[in-house]
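Down below is the structure, laid out as structure tokens.
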Amino acid sequence: MNEKRSPDSLQPPEAGRPPAQHGPNSVPPRWSKRILLGFLGLCVAAVVAGFLADIHGEHPWEEVPLFHALYGFLGISGLILVSKALRRLVMRPEDYYDDE
Amino acid sequence: MTSSLPPFLVFFVGALLAAVTRGTVRKVLLVLVPVAGALNVWGVEEGYAWQLEFLGYVLEPVRADRLSLLFGYLFHLAAFIAVVYSLHLKKAENATVQHVAALVYAGSALGAVFAGDFISLFVFWELLAVSSAFLIWSRRGPGSARAGMRYLVVQVVSGVALLAGALMRVHETGTLSFGFVGLDGLSGWLIFLAIGVKAAFPLLHSWLIDAYPEGTPTGTVFLSAFTTKVAVYALARGFPETEILVYAGAAMACFPIFYAVIENDLRRTLAYSMINQIGFMVCGIGVGSALAINGAVAHAFNDVLFKGLLFMSMGAVMHMTGKTKASDLGGLYKTMPFTAVLCMIGAASISAVPLFNGFVSKSMIMSALIDGGYMWIWPVMLFASAGVVEHAGIKIPFFAFFAQDSGIRTREPPRNMLAAMTVAAIACVAIGVRPGLLYGLLPYAVDYHPYDASHVLTQIQLLAFAIGAIVVFQLLKIYPAEIRAVNLDADWFYRRAGARLVRRTGDAVAQAGVALRSAAAGVARPMYEGAFRAHGPHGPLARSWPAGSMVLWVAIMLAAFLLFQFL
Amino acid sequence: MTQHLPVLQVVIPLVLAPLCVLVRHPRAAWALAALGSLCAFGIALDIVSTVLASGPLSYDVGDWAPPWGIEYRIDAVNAWILVIVSLVSTAVVFFARASVEREVEASRVALFYAAYLLCLSGLLGIAATGDVFNVFVFLEISSLSAYALIALGQDRRALAAAFRYLIMGSVGATFIVIGIGLMYATTGTLNMADLADRLPGVWHVRTIKVAYGFLAVGCFLKLALFPLHLWLPNAYTFAPSAVTAFMAATATKVAVYMLLRFFFTIFGAAFSFDVMNLDMVLMPLAVAAIFSMSFVAILQTNVKRLLAYSSVAQIGYMILGISFASVTGLTAAVLHLFNHALMKGALFMALGCVAYRIGSVHIDAMAGLGKRMPATMAAFVVGGLSLVGVPLTVGFVSKWYLILAALERGWWPLAVIVLITSVMALAYVWRVIEAAYFREFPGDRETREAPAALLVPTWALVVLNVYFGIDATRTVGVAERAAEILMGAAP
Amino acid sequence: MTPAAMLVLALLVPVVGTVFVLLLRSRPNAREAASLVSATLLFLIVCGIYRTVSSGAPGGEAVVLAEPIPGITLSLAAEPLGVVFALVASFLWIVTTLYAIGYMRGHGERNQTRFYVFFAYAIASAIGVAFAGNLFTLFVFYEVLSLTTFPLVAHAGSEAAKRAGRIYLGVLFSTSIVFQLLAIAWTYSVAGTLDFRPGGILEGRWTNTAAVPLLLALFVFGIGKAAVMPFHRWLPAAMVAPTPVSALLHAVAVVKAGVFAVLKITVYVFGLDFVRATNASVWLMWAAAATILLASFVALRKDNLKARLAYSTVGQLSYIVLGAMLANSWGIVGGGMHIVMHAFGKITLFFCAGAIMVAAHKTKVSQLNGLGRAMPVTFFAFVLGALCIAGLPPAGGSWSKWFLGLGALEADQAGLLVVLMLSSLMSLAYLMEVPLKGFFGAASTAQPPTQVREAPVCSLVAIVATAVACVALFVYPEPVYRLMAAVVGQ
């Protein structure tokens, strides 16, 4: 309702265009680069720490080195790809149910 | 502790007062209700029960044990936060309806978790349904009106299933007491189904997806806190260690995350996320060990806090901008920095980042899975907890506050909203840092230490690389775009198929009625017309006959009579 | 003196009739008629109480002992008929004073009352006598005077109706006399009791069966059994209001009594039902009468005519009761004789009130009368409800016994038919009620309530309708007694 | 006062009241006061009877008013089931009178005196039905009730009103005369009495019990006021009447007289054990169940508010019939309680519908958008009424549904449980649409609801009273329960 009530003038200028991919351009590129680098550092630190610390797994799969890191990365990759595929199946126009 | 009032009563009285007061008086009252309620329930001791005779039964509207008390504390906290969050409401936002409905709703949730028998449970169960529907309707849109109606019907389906189950149970066993139920017999399955609807079991879940995003910004905060948690409580009470719950929970934890990735409406994304989190709890209850139950209820406790916080932050965005769709938002951190930070605390909590509360409860469930020997479920749940990071940890804050700049420039939300969010955020962090605060309240004695190096490190690895995958996909621009669209879900079955079925059946009944009547008329009319030809004012039976023909009749009659006698 | 009551009852009106002609003055003639009716009524009440207390009365006219002389023999059955006839006659005669003044030329009023008394006398005679030929004589007296009464109607069609009635009535009377003759030829007696004794010996004789046939058809004609009712609607419709009320309440009832007397007392129930299969004849005709005539009534627009057809249907109920050949069935029939007299008397008198004020009894003319003539229409409503058989009216009592009789025999479809036709009765009564209460009065006419002279007798019958509906102990008691006598279960 | 005298008085008070109403016809305020006073008096008398009955005093001696047919009396007697019905009817008479004052004046109705007079007669007949001592008396008052309500149904005097009135009388009289009277006569010829007796009068008097289902069916369908399909048409037709009539008569007195009669006959003529032993009622349960569902479907598709409520009533009445047909204690308790619960729920709904008509001149559900904000009290009361009908807390309907459900299980008919639950859902769907549109629908531009005010204060008081009663019956249903438990001897 609120979407409908708000006049079009409030819509961002991009809204009229076909949905484009978002770019993280609300954060200045300089900062986003720094954030990305920081994040990369965190990943590396986590891996290194993982080798240093004594990781005692509860589950047999945890014996695999870097199991959690791999599982996280692959899991999310799979998740995103499957979701993209899911769209083909379930996506409908926004007003699909409006003719009830 | 006999001086305590029944916990729900405080809220119901508060609701009554809220209906008749206005302005500052009401605001004070609204804040006082959960506080007073909390003080009241703090005095309730384990084992306290209030019984009364009713309709020939002995009911137990209040029965306190550790499990119900935990939920009792939780609901007071949740009610307090949500009430503060909604203090700003104005008349145009149906303030009175919302406040009253919210207090009744919270009170009913309290009633349900303290209910010691099925009749009391049913009463509060239905009150939950009815009062919460108003929180959706109050948004006053054609969409919310219909969604609210669908929501109410589904909730009442749950209610009548509970009623039917309770009836069968009382008929079979003669007892009304609400304790362990189990899945033997139809009554058990019906009660299971009733709770399942409220807990959003797979395929029974779509009311949540359908309705929560249609609620008012403040109403949805209440909604997120109570209904599903009452269901979790009821499962923990009635169906612990029921194996099917483990698989149901796993399914619940997994399938919504796929939908969450492609969902454009951020509040709907949160709704999917909610099912995902309940999945963990359900799974834990299914495992049923002391650790698992502790984990499940602890996670329920935490979920109320961080999911509330996330819904509050999205509600704040919606309140200020009127938008909730990822495709419409972006770059709000510039004008709503506090909100953005609070939202990220919520995101971190739900993602189970160490030092946030999600971590201390979710890991209990994961450990319990392994202890329970569910070796194949554990990786599934691990995948699900990684998935949480994707949609709740990253997607929500990212698309609302960062991402592409939508050009929207607004302000921070009203102070009461910020205050409420802050309280929730502090609670998230506090429990994350000092898990003992929560562990002390759990139903079973806790001997669990989340913070060992191995645990923390593996969790950080999991999260960091999950985020890494998102980053990679984003940079490669193959991450699915936010598209204005709806995604079909199980609600299709009643929004489309079911609605058509009801409409058509109704029409068919009406038509059958008409057809029957006209068929009857078709039979009756010729009969009537025939009779009319004979009996009408000019028919032979009503005409004046000449004397001659009358005499002829007499002769015929006589002849007939004589013939009849002699034959 | 009291032992002469049976004959006095018949003789007083008979003697007063010529006096009416002699005095010629309308009011005086009316006074004589009223006197005659009141005497008859008083005597009838006395007789019925005597009969109920101490059994049948027998009176030998001129002290000639039966079977040679004429015997008046009165048991519960005909005592009851005497009460019905004289009661209605009394009510009608009081009603008639004002009504007849309005509807009959002044010069003919005295003649009217003479004919009225003759008719009354004839009807009482039929009921009182124990001699079959005497029945015929009184039948002719009552019929001829009835033709005259009907012919006095305002409408010219009254003459035609009276003429047709005359022809049909005469045919009927002729059949009856033929039947009587054949019986006499076979048995050599005219005394009813005597006949009843002798007939079982000659059951096999064909003549008797033929006699039976003639008597049956003659009675059917006189009592207007469907389909021999065709004379009735016009006669009732065009006769003066008072005459219609009187005839509807008495003439057909007496004819039914004749039927009962002939077939139950004289021939005996065993002969009628076992040999002649009378029930097989009566039942279909009764059902046809009830159904068909109720339906015709629903579609009528002249209310008088509507009620006339309703009468034919109601006669069907009595015949149906008779056809059950059981005590309960006969109880129902005998009850309905009385009850129907009350309700039809009340209804036709209420219509008389309407005719008195607005000159028409067309259903459209009665629109809105509920407010203009409340007492009249209230009387009509109560009478109508009684006709339908609403509880606490007499109509219910007779229907109740009729249904019980049907169920007792296991013939539940007949019970259903009785009930369905009650609904049909409701339909035609309701048409009038709706017109009177729920339509606007045309308004251009100044219409007031009918005068008390009309209302009091009307309401007298209405009150009886309700009284005997609320406390039917007495009527049911008499009817049961009569039924037992007819079935031969009691003396 | 002796119990017998109170029974007679209960019958007389409304009738005597009409005398005053007629005498005071030129002074409306005094006239309405007369109505209110007689209503209050009646209620007090019925309360007195309630006290006698609930104290367990043997009030069983029947008062014989007349003996129309030897052996068949017109008599009154008080027993718990009748007290339940009488309490409801007499109490709601007060409330409805109050409501009617506001409504009839607000609507500028004609013939108001006639209205109040026949209203009182109708109540008197309902009281007669409630306290009938035998089948014959029940039948008499049942018919009088049909008759006295006709002027109320056809009150408007228009062609449409008269046509509706004809359907009304036609169906009610045809069924009652053709089926019910036949059944009564049949009962008499079998049992030799028509008295109501605990345990029934029929048991042991049949050589062949195969016909018992037929007799029971004759009663159930013959009591046209219970509106079991296909004899339900009169009820929607009667909706042409002014709303107070629809409210009291077609939600309470008339229709409840019907279902009350069904209950009473099942308990006191057949006897529960006998019905069960002969399996007489099984198919009738399903006839009632079919009515429940079909009526709900039709109601879902009706846009006219009163028509929707009428079909809802048709369905709800079959709850009570169903309760009777279950022929066990729980079914009877549930059915009896539902008489009360439905009465309060439905009268609230009708009051609201009438208030909407008076205040906003709207009759269709689709026209109600936004009205709730102008008439919040009315629409909120509607919510409570709707909950009561749907059997949801916090309204009394929950409890009757509970016992009906137990009864269904007791009768080994779990399928009926499904029907009850479905019906709850459907009634919720078609009723909640009203407040939903009222509160949350977008207002139409043609007539801004800001010009609309709540209904006259008299009416509003009545609405609030019945709505509160719905909740009160949820919190404290004990008196009703106890009376019904006494009926089944628990």
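Residue numbering begins at 1 within each chain, and the chains themselves are lettered A, B, C and D in the order written.
In this section, a residue touches a chain if its C-beta (ideal position, glycine included) is under 8 Å from a C-beta of that chain, and two chains touch if they have at least 3 such contacts.
Keep in mind that what you see is a predicted model, and the values were worked out from it rather than measured.
> Between A-B and C-D, which chain pair is linked by the larger number of C-beta contacts?
The greater number of contacts lies at A-B.
> Taking each chain's centre as the mean of its CA atoms, which one is most distant from subunit C?
A
> Where the centres are mean C-alpha positions, what is the separation of subunit A from subunit B, in Å?
The mean C-alpha positions of subunit A and subunit B differ by 27 Å.
> Centroid of subunit A to centroid of subunit C, CA atoms only: how many Å?
102
> Let me have the rounded angstrom distance from the C-alpha centre of subunit C over to the C-alpha centre of subunit D, please.
Once rounded, the distance between the two centres reads 44 Å.
> CA centre of subunit A versus CA centre of subunit D: separation in Å?
62
> Return the residues of subunit B touching two or more other chains; collapse runs of consecutive numbers into ranges.
139-140, 142, 144
> Assign the assembly's chain-to-chain touch graph to one of these shapes: line, ring, star, complete, other.
other
> Dump the list of chain pairs that touch, please.
The list of touching pairs comes to A-B, B-C, B-D, C-D.
> Looking at the complex, which residues from subunit D come into contact with subunit C?
66-70, 72, 74, 136, 139-140, 143, 151, 154, 157, 162, 165-166, 169-170, 173-174, 177-178, 181-182, 185-186, 188-189
> Taking the touch rule as given, give the residues of subunit C at its contact with subunit D in the complex, in rising order.
Residues in contact with subunit D: 389-392, 396-397, 400, 403-404, 407-408, 412, 415-416, 419-420, 422-423, 426-427, 430, 434, 437-438, 469-473, 476-477.
> For the complex, give me every residue of subunit D touching subunit B.
230, 294, 297-298, 300-301, 387, 390, 392-394, 398-399, 401-402, 405-406, 409-410, 414, 417-418, 421, 424-425, 428-429, 432-433, 436-437, 439-442, 477-478, 481, 485, 490
> Along subunit B, where are the residues that touch subunit D in the complex?
It comes out as residues 54-56, 94, 97, 119, 122-124, 126-127, 129-130, 137-140, 142, 144-145, 148-149, 152-153, 156-157, 159-161, 163-164, 167-168, 170-171, 186, 502, 505-507, 509-510, 513, 516.
> In the complex of these two chains, what residues of subunit B are touching subunit C?
531-532, 534-537, 539, 541-542, 544-547, 550-551, 553-554, 557-558, 561-562, 564-566
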